[in-house]
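Data first, discussion second: the structure below is written as structure tokens.
Letters A, B, C and D mark the chains as written, and numbering starts fresh at 1 in each.
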């Protein structure tokens, strides 16, 4: 079970390889990358920080919940911290199962839950020079110009 | 648009990289691997053959259909031919979109459609020595012992 | 007229060949091709309902009329992925 | 009693620090901690409804009672992924 927080670039091949078992027929993978825009504004760079011990605990917890809901063979969840350039991978989740339906559903569940409960925050470095904590849900934006 | 039939092992990193665009926020990937069992029997090896020009045409056709249905940034579909060992990758599909919902739905559509219409066939080499064309839908099995 | 017949998977095994230049009557259809093959190996009869035809690399409706030079492929249930 | 306070993201920016040993009354709750922080920076009031608390690395219900030595974290809306 590869569940980690990474300070270095994420290696997708090794993440997928970690969930392949001889019984697996379907593997689904979600890959999140840094987008060059947020709320209509141009973004140059993202920076992630985490409450690391709790983030790892919650990552394990959501994986356990997924394994209770679906008959999974293996799961990998890796989230990157620190500065992540546009187009680089910030998160990767891989799930293997005997059949693809379960792999798709569990992967979707895991990324939704990760975004809901895992204590990780991203700071957006906008092209206009301002730096703000991401407001995922169109909430009031708190500016912290640096 | 990476749409190919491969005679060599599939490189997942390059497939995912091919769909990352600066606008992409979510990438979904389906990876099919060779399973060690089929219909309750032990499988050693799979061998894929294709009606190659038509298979490529159909792969392009289902990608075009997915792009009409969902706002996708990029799509990659690669299917391997020839002998594929247990645990090796036989097919990989990657889809990028601004939001993950569309990437998940389009990937699911593409693997379902690929399995329905793309003229590729797999032969199962069972551990008991028999070799049979795969019967995906519990249909009558035609044996071709070799 | 002449058409090129391509066979795959179980159809190839039943026929014993994978490609053949076939002489068929004018206005022959895909059903006529299947009937010719059934005379070669009656095993084709059992598969009739599950074999699709592609003409010039496109799936065609049942009993599709052929034209000279067509590439006619018999598509047993596919199993890619 | 003493608890350890951890702040992240906007909460860290509002407080101006990311960790502090905090002296709180016996039976103090997470609401009391937020009230102390609001006196430090009234900006916390606007965030009140959207800040979650974790005690010893588990999310806790509103107004959760603290114990000596607890690790108390303020969790602004998360944005991983």
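Please note the rule applied: a residue touches a chain if its C-beta (ideal position, glycine included) is under 8 Å from a C-beta of that chain, and two chains touch if they have at least 3 such contacts.
In this text the structure is predicted, and so the values were computed from the model without any measurement.
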| item | value |
| --- | --- |
| Per Cα centroids, the chain farthest from chain A | C |
| Rounded Å distance, chain C centre to chain D centre (Cα mean) | 73 |
| Inter-chain centre distance, chain A versus chain D - centres from mean C-alpha coordinates, in Å | 25 |
| Distance between chain centroids, defined by C-alpha means - chain A, chain C (Å) | 49 |
| Residues within chain B bordering two or more other chains | 32, 111 |
| Residues of chain D engaged with two or more neighbouring chains | none |
| Chain-to-chain touches, reported pairwise for every pair that qualifies | A-B, A-D, B-C |
| Chain A contact footprint on chain B (complex, rising order) | 11-13, 16, 20-33, 35-37, 86-87, 96, 98, 100, 103-104, 107-108, 111 |
| For the chain D and chain A complex, residues of the former touching the latter | 6, 8-10, 13-14, 46, 50, 54, 57-59, 73, 75-81 |
| Residue ranges of chain A touching chain D (in the complex, touch as defined) | 32, 48-51, 53-55, 57, 79, 90-91, 111, 114-122, 133-137, 139-140, 142, 144 |
